[in-house]
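Lettered A, B, C and D in written order, each chain numbered from 1.
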Amino acid sequence: MKVGILTGGGDCPGLNAVIRGAVRVIGNAGGEVIGLQRGWRGAIDGIGTPLTLENTADILWKGGTILGSSRTNPYKNPDDVKKLLASYERLGLDALIAIGGDDTLGVANKLYNDHKLNTIGCPKTIDNDLSCTDVTFGFDTSINICMESIDRLRTTAESHQRIIVVETMGRHAGWIACEAGMAGSADYILVPEIKVDIEAMCNVLKKRREAGKMWGIVVASEGAVIAPEEGYVTSNAKVDDFGHVSLGGVGELVASIIEKRTGIETRHVILGHLQRGGTPSAYDRVLGTRLGVGAGRLVIAKKFGRMVALQGTSIVDVALQDAVGKLKTLDPAFYQDAAEFFTV
Amino acid sequence: MKVGILTGGGDCPGLNAVIRGAVRVIGNAGGEVIGLQRGWRGAIDGIGTPLTLENTADILWKGGTILGSSRTNPYKNPDDVKKLLASYERLGLDALIAIGGDDTLGVANKLYNDHKLNTIGCPKTIDNDLSCTDVTFGFDTSINICMESIDRLRTTAESHQRIIVVETMGRHAGWIACEAGMAGSADYILVPEIKVDIEAMCNVLKKRREAGKMWGIVVASEGAVIAPEEGYVTSNAKVDDFGHVSLGGVGELVASIIEKRTGIETRHVILGHLQRGGTPSAYDRVLGTRLGVGAGRLVIAKKFGRMVALQGTSIVDVALQDAVGKLKTLDPAFYQDAAEFFTV
Amino acid sequence: MKVGILTGGGDCPGLNAVIRGAVRVIGNAGGEVIGLQRGWRGAIDGIGTPLTLENTADILWKGGTILGSSRTNPYKNPDDVKKLLASYERLGLDALIAIGGDDTLGVANKLYNDHKLNTIGCPKTIDNDLSCTDVTFGFDTSINICMESIDRLRTTAESHQRIIVVETMGRHAGWIACEAGMAGSADYILVPEIKVDIEAMCNVLKKRREAGKMWGIVVASEGAVIAPEEGYVTSNAKVDDFGHVSLGGVGELVASIIEKRTGIETRHVILGHLQRGGTPSAYDRVLGTRLGVGAGRLVIAKKFGRMVALQGTSIVDVALQDAVGKLKTLDPAFYQDAAEFFTV
Amino acid sequence: MKVGILTGGGDCPGLNAVIRGAVRVIGNAGGEVIGLQRGWRGAIDGIGTPLTLENTADILWKGGTILGSSRTNPYKNPDDVKKLLASYERLGLDALIAIGGDDTLGVANKLYNDHKLNTIGCPKTIDNDLSCTDVTFGFDTSINICMESIDRLRTTAESHQRIIVVETMGRHAGWIACEAGMAGSADYILVPEIKVDIEAMCNVLKKRREAGKMWGIVVASEGAVIAPEEGYVTSNAKVDDFGHVSLGGVGELVASIIEKRTGIETRHVILGHLQRGGTPSAYDRVLGTRLGVGAGRLVIAKKFGRMVALQGTSIVDVALQDAVGKLKTLDPAFYQDAAEFFTV
């Protein structure tokens, strides 16, 4: 049994835990694993190196992916699918584990449907917005980094009687902003799924000040949709055809709006790449390991076209077909819990 | 509406998140909260202080419990139950939220059953071994502390070509040892639920050495049951009537057995109280907050005799009756995942 | 004995350690301490609250300053100096401890020289660029935050084969960039004191790539002086009269230059306020405590017009006059040590 | 130029920084470095592997030593010195850098004096008790680990109204206990250099309780000398000929004495190996790197029989002869600063 494995899309703490888990289970069963370099790029080009117990022994605590990653999608170029099938043949692969987000898993699903390729998927997104799994690995590390950052920013906000707007990742889903904001005791949280109410936010911040709390923390998803108001200058904000600021610049824009509306000195911080790198938390090492072990077992059981997933406390498998193409947006009940704290 | 709240048993990171969440929700609904000091002790004596948005504003990130705790159980002294009922009356309480483990929750359940007291339970145990909830808060912080300790110990083990045995909490359940061991890349894990196989463990450690890996990490629950072998000296180990070492000294005993059987220099570290103190992880702050919010809402909805719980990604409520008196031991499938790594 | 204490300028981890140390020593000697709010603002307005062993017991581990801060300088308005002297009189102060940077200490020095006010200074700057003291508190916490950030960014840079430019604080001195870069294994470091050699930097990054190291980390002080090249777009960069980009935007500018010159995908991260908040490191808690104790002892010994300082391993005192007005820039020998690593 | 390098004695965070620094400087100058395995053991046996820019590129952030260590001392066996000299010859070494504590450096000094071997020393001890250098690397990481542990233990002590005794490393010197205790806001600190006053300690703890502070933290060096009182049971304590408990068991003994004398529930925690492992702090990475660079430059300058050291903010070199054989014990002034806090 010879199994290819690849990691696609943005990097995420826990990817190496998945790789190590799959290598171990397949190795224990007498199989071989080939690491394909840089996502689907490596699968197309057939560039891979053997992964062994030895060379995956010390990677559990390492952030990112030892395989590298890319956003290459073989379906964007018909020749690439052919090349991929030929490389799969040439390398003598019996199965292929694809660890990635909706795009990567969509390719795995199509290859299974169109070409009966023995693909297995493992869900990966730092944003926690993939369907059919309760949580994705990397997310927990990310919210811990955000929370620690907010913990740090709180004391500086307090000392200088400022508001600080913290911009987190989350283009389409507010999971990171909502959980990090809840963990960091944010005074207001802006997410893509909930219509932003600038006035309500400013009222909370002003009431805090009236009550003697001279500082505040606002957490905003990068994907929160703000209708720009006249006279606010932002450097990176991209305004879409509908006049909404959709990606980039949300933190800066929100800070300038708050400062203008409330008269309170306001700063913004963009956490950016800090949120996705570095050693995984215990949760992510455990989840990644269990998903890797689960993916390896699916290969051994020849259950292809499936994706490993976390449901409750169990690792289960679902059809790739059912998992791809749908975003798991923030549960409104969750935001409602956080909103209990948007008061003085 | 006037609601008492108390924390019983061992402290746990996230207790203050629960308190703050309940205070906020009940406050938002116009109610008052009275913090009872030191668990059931304070409920018996009727010693409490008002908890407000103000005095719970800065406690989310603080370990332990601002209410103090104790192991007092009013059912151990019939007078105490009477006193408790009188204090409840005198303080003018409409409901009582009890945050604690099986013992604390058992009291809440009996008070509800026997005296129709309006109790609400919130599950708390660092050991993660309570029923009806997928995870308990504090557990995640604990396994992160253990994992970081193992990460530190690994480099010293490697530099000195030693084995280090790490003793974790877990008297009756191996959740901490198993997850911390998995996260820390342990070479062997000993838990109370799985019969300890000393020979298998020593074989793994010897094979590692033969393969050039001159060091090793073993994680052992304090409650792992070891049949002591002749000639091993331990200082704290308590041997029960069946000749088993049940509590205390497991780490030291296992280290001495390994050293004698394998001839490899072996040290042990007891993480002890380090595992339960300090600022909670993001996961525990979020879970604690949501449980506190949930408990507050149960009070508002007058759903008494219930316990808040996490099931999947949702906060639900279950009958206290169903939750108490049963231990949630380690899922054997989970241990099986960890055991995939007990090889060279 | 009644002693005023204030904190001026930007906040810094360790300020509360100084406050607590001074309060303890003066309290042990039977004196009283009055905390003046928001730097010289509070001294002018005579707004202060008593600081006691009790209300400073739990502040050692807290970032920022419990006294608040401001950039108010009484010498900018002649009336303010008069008001300050009157407030000092009215509050019945015997001495005044001013914790702050060059600006704050300069005021303390002038008040001592011009009005024989019993001032004591304690040096504070996150940038480590004050004279007469080997190190300033807050700096160690800051370089640890930067280093941890670089550790995180390295794995994402590696996974995506990118260069990441990390912009640190340091307007006039490169201490943070140089020590954080050395601690974070930076491949190149840009500081204000050393003429930036863009070509040398790009050569190092290209050579790394040729040697198979497909990623890189560059650390740049915000005050590093870059001569902008044609066609590079930056959003925040301020170009001075000499055509130099002096403050703001250095990270972005450097990233765009690298990408254009080398063709390697490059990102930038601005650590900003993250570097100055949060709980102090052990070094800063110890240094802050010792400086606070030292400042308290100077008051008791009536050695006014002096500043506490660290020299070698000892807390000493120097004349405020000698300490202010001179920047302690980065030791070129230190940069030379770091530059040994600007190779493949 | 071919240079051997070795690490002796207990491991310490920052050892790999020294190795990497020396390899880089010597490599930049066109020289070669041979890593000798396991301290003087490897020098005797002539077992070494080439260290290159490549294989030392990713070790800066790793705890322990990639070279392994041992306590082998060639002067304990006359043949070993001969073998060492022969191995030095056979490997074609031009110089030898020995990184270690008093024992390791003493050997380097003797080899230089007795055999004109071109040795260079680099001071290493986690205890910070080596002469001629202001600070040793590893110490800063250690006190941060201790401080974080105390921060965690404080909340559990507070919740349960207990005293917790934290036993730190420090056989002969109280630097770790004193600085960690100061950073952790300890209520009392016991060190080897200062005669332990049990009664004074218990008075502080009782007065705290009377003042409503129902908990306390005591930090004790493992080498603090306690005269055991009748009836206290300790499991590991070794009582010397003078009736003093010198090594092992100090924490447990102190806890039992406090509990008996004050009647306050008391627990103890032994930090043990946790204090010496894991990734180094920024301070230790910088200090280690600069010492490694400095050692490499001494080799290039052919200044043998010297040791690199930190004095003030500079890396200097001193005669090995002057550095070995003298312990740098805790500065009493430092303990006096800490003692200001041994009050309510």
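Everything below uses one rule, namely that contacts are C-beta pairs under 8 Å (C-beta built on N, C-alpha and C of every residue); 3 or more make two chains touch, one makes a residue touch a chain.
The shown structure was predicted, so the numbers you read here are calculated from the model rather than taken from an experiment.
Novice: Which chain has its C-alpha centroid farthest away from the centroid of chain B?
Specialist: C
Novice: Could you tell me the distance, in whole angstrom, between the mean C-alpha positions of chain B and chain C?
Specialist: Distance between chain centres, rounded to whole Å: 41 Å.
Novice: Could you put a whole-Å number on the gap between the CA centroids of chain A and chain C?
Specialist: About 34 Å separates the centre of chain A from that of chain C.
Novice: I'd like the Å distance between the centres of chain A and chain B, where a centre is the mean of that chain's Cα atoms.
Specialist: Result: the chain centres lie 29 Å from each other.
Novice: Among all residues of chain B, which ones touch two or more of the remaining chains?
Specialist: 151, 279
Novice: Taking chains as nodes and touches as edges, what kind of graph is this: line, ring, star, complete or other?
Specialist: Graph shape, chains as nodes and touching pairs as edges: a ring.
Novice: Using the touch definition up top, name the residues of chain D that touch chain C in the complex.
Specialist: 21, 24-25, 28, 53, 57, 60-61, 134-135, 140, 143-144, 146-147, 151, 179-180, 182-183, 185, 213, 279, 281-283, 285-286, 289-290, 293, 311-315, 331, 333-334, 337, 340-341, 343-344
Novice: Can you check the complex and tell me which residues of chain D touch chain B?
Specialist: Chain D reaches chain B through residues 10-11, 15, 62-65, 68-69, 145, 148-149, 151-161, 164, 235-236, 267, 269-270, 272-274, 276-279.
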